[in-house]
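Going by the order they are written in, the chains are A, B, C and D; count residues from 1 in each one.
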C-alpha cells in the first residue's frame, strides 16, 4: 500500500531546498506554504495520493470532486531553486505516516534536494506574550548551518516531542542524504484555531534562510480567501489530531 | 492483502458504462443498482471478495453460508453496454477502501469501461421538501458531458466531502483512463433508514443518461422483497458507518 | 505479514476430513476439538503461528513460555483420515482473519483435504430448553451430502451472520476445491461461559458424520482438567470477542 | 512495512549473548540495560527504526530531533561477548510487534547470537514484601541451562501471560536457532513508576549468568540522570501500555 506520485512536470532544478507545510496546530505550516506558492506563483510539478489518507473525496465549487492529496510546487531562484510540499492532510495511521514520509523523501532525492525545512506550529496551551519561532535540527551540524540565519534554537521551550510528518520528514532526511530543519511558530492558546500571525513569523525566518523576497502584506487577506477552502478538511483534521493527542498529555506540538 | 475477483463469465463488451451502487446512506445506491440488475435481468459476470470486508459469513435461507462480497453484472444494450457493481458491504479500514477501489478500477479497465457512474444518498439531517438528485463530476469536462442529461450540479447543497467508495471510485477514475460521476439522491432526515424514493429519483436520472428503458413501477415492491435480505447486513453497515461518521461533524454524505 | 506453519510430521493421508474447533462462544468448538485430540490420541503434525494473534506469550507450568498458536493433529481412520485444527486464539484484525483462513486452507489443500467441518457455538441470549445442533453449508450440494447424517439444517434459528474463522473457513473452502460445513451447538444464555454439554452434542453429530467411535463419557472430566489451561487465554478472548460484538446488536453467533 | 537497521559497526563477535531491555512495567528492562551499556562502556553497533513505532520525533537538548529508535551495543568479554538491545519504545500494533521481533532476531542470527535474555518487570498490584526475580524459559532445556545460575523458576507467581517484545523475543528465539529466557523483576504496586531497585535485582541475576563484573553502586544515581531523558517518552509508553492492558483484567506483566 504505497503512496502514488503523479508527475506533472519535470523541471531541471539545481539542488533545490524543499519547504514543507502540512495541516497541523494553528495550520501554521499549511498557511505559510500556501502563501509562498500563491505569492511566488510557483508551478505545480507533482501530486501525491496515498492509501493512508482518509477514504473520502472533497467536493469543490459544489460540483467537482477530488481525492485528498498533497502537491509539490517549484520555482527557480537566484540563490537556489525551491520546492514546496503542501496539501490537504496527513496520514491516518502510524505506519501510514512512515510510508508517506518515505515516499516524499524518495521523490525529493530524485529531485536532488539536499535540505528540507518543515514548518509547523506549537502551543503550550497559553496565549504567548511574545510568540517565538523555534528551530530544531536533525543534527548539531544542521543547527550550525542555520544559526547564522538567526534561527532561535531556544532551550527553554516546552516541546518534548513533535508528532506527525513535519518532525518525521526532518528526522528521516539524513537517511536520504539530506539535512532536516523544523521551524515552529508559537501559536495562541487554542490549539485548533488558524493563526496567520504565526505563519507570518515563520515566513520571516524562511525569507532570511532562503534569501528570497516575499511580500507578506497580503497574508491576512489571502488567509481569509483560503479559509473557506481550508474549512472543508479542517474539521477532519481536528478530529484526526484529537485522536492522536487525546491520550498523550505532554505532547504539545503537532506538525 | 488484495481483493480477489472470481470471474464467472467473460462477455465481449463495447466500452461499457459502469454503474456502482453500494451500501450507504439510505441504501440509495444499493437499492437502485439492485433494482436495475433484477428488472433488466442482468447476468452476473464476476464476484469480488476482499480481506477488507468484515470477517464474517452471512447465513442465507437458514442453511447456506457465504462470505461478504460484491458482484459485477452486465447487459448488452442498444446505445451502450452496461456493467453494474453492487454488493453487501464496503471496506472496514481506510487503506482497505483504497485497495478495494483500485481492484474494481483495474478490473473495469480490463473490461474497457470508459465511464463510471456511482449512486449514493445524502442527507443534511432534515426531511427535504423537494428532494434533489445532485451530481458531482471528477472534472469540468465530465460535468459538461452529463449536463445535457439535465443532471443538477447544484452549488447550494451542504455536501463538503463524500466518504467511501462512491466518491473514491469516481475520484480515482481518471487515473485509469475513465471519467467519474457521482449521483446523489437526497434522503429523509434519518440517515440510516432505507429510502426507495431516493433510489427511484436517482434511477430516473440514470435512465436519461444511459438511454435505457426501465419500468420503475415495481421498485417499492421489490424493495420490500429485498428488505429482508438487506436487513442482515444492514445492522453491520450502520455500525461501520457510525464509526466513520461519529467524530466528523460536517460529513453529511456517505456513499 | 503471513502466518507461519511449522511442520512437525508429514504423514501420508488419504483425502482427510479436516475438523476445526477454535475459541468462541461457549468455547464449544475448542472443547470438542480438544477432546477429540485427547481421546483419539491424535498426533501433532504442525503448528501455526501468526502475526495476527495477540502480541503476547503464555506462561505454562509457571516456568515455560510459548507464543499463541494453533495446532494441527491427525489420525488415520478406517473410513477416512482426520485432521483436527484447534488452538489458543483467533486473529485480532479483520484482515488478519482472512490471512489466517487462507494460510490454513492452503496447508489443508496440500494435505489433500476435500471436506472441512468447523465447530462452534451460538446463543440467542436465553437458556434453551432443548438445545440444538444446527448446520450451515457452503452450498446446497454440501447440505445434501450431510443431510443423510441427520444434521439439522433448521430454518427457524436466529443466526444471521457467523463472525470469525469457523464461518470463514467453511465459506472460503470452495475456492480451494473443498466443501465446507459449520456445526453450531446451542449454548446457555450467558455468552462467555464454557459449555461442555454443547460440545458433547456437536461431537455426537460429528461421530455420525465421521463414522468414528469416540467415548464421550469422560468429556466433563476432561473439560475440568482443561479449564485451568483454557482460563489463561479465556479472558483475552472474551475481550477480543466483546470488541467485535459490542456494536453489532444482531450478531448472535461467534465461531 | 519493515523495520530498518542502520549498521554503525561490524565487530567480530564469538557467539554473543544478547540482552534485551525495552520500556515496560517499572521500566525495569530499560533501566537495567541502559545501566549495563553506560557502566560497561559498551559501543553502539546498530540502530533500529520501525514504521511500527509512534509517528513522532523526540526533541533532545531543546534543539535536535531524532526518530524513536532502538539501539544495539556490544562489548567483548572474557567468558563471552555481549550484545545489548535497548531503546525508546515498543511497537504500536499487534502485527508491528511480530515484525519488530522478526527484524531483531534476523539481525541477531547474523551476529551469531545463540542465547537471548530479555529483562522486564511484573507487578500483581500490591507492594511486594520480598520482591523476587522470576525466570521463564522457552523450553525445559533452556530452563535447565539457567537453573545452575540460581534463577528462580517459581511456580507460585501470578504471571499468566507476558505482553510485548520481552516475552515474544524469547518465545520466537527457537525459530532462529537460539534459546530464550525472560528475567522478570517484581516491582512495586504502582505499575508505571520507575523502579531502579527491581532493575538492580535483575542485574544481580544477570551478572551471575553472564559471569561479568558490574558495579551496581551507581545505579540509583544513574537512574536519576537518565530520568529526565526517559520522562520524555515515558508518558507515551504509559498510554500505549494502558491501551493494551485496559481491557485485559488478568494480564499482569508487560515487558
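What to note about this one:
We adopt the following convention: contacts are C-beta pairs under 8 Å (C-beta built on N, C-alpha and C of every residue); 3 or more make two chains touch, one makes a residue touch a chain.
Quick caveat: nothing in here was measured; it's all calculated off a predicted structure.
Relative to the C-alpha centre of subunit D, the farthest chain centre belongs to B. Interface subunit A/subunit D: under half of the residue numbers present appear on both copies, so the contact uses mostly different residues.
Averaging C-alpha coordinates per chain places the centre of subunit B 36 Å away from that of subunit C. For the pair subunit A and subunit C, the distance between mean C-alpha positions equals 51 Å. Touching of two or more other chains is recorded for no residue of subunit C. According to the touch criterion at the top of this document, the contacting chain pairs are A-B, A-D, B-C, C-D.
Those residues of subunit D that touch subunit A in the shared complex are 1, 4, 6, 51-59, 61-67, 92-93, 96, 232-233, 235-236, 239, 242-243.
Interface residues of subunit A facing subunit D in the complex, by the touch rule stated above, are 91, 94-95, 97-99, 135-140, 143, 153-157, 159-165, 167-168, 170-172, 175, 180, 182, 247-251.
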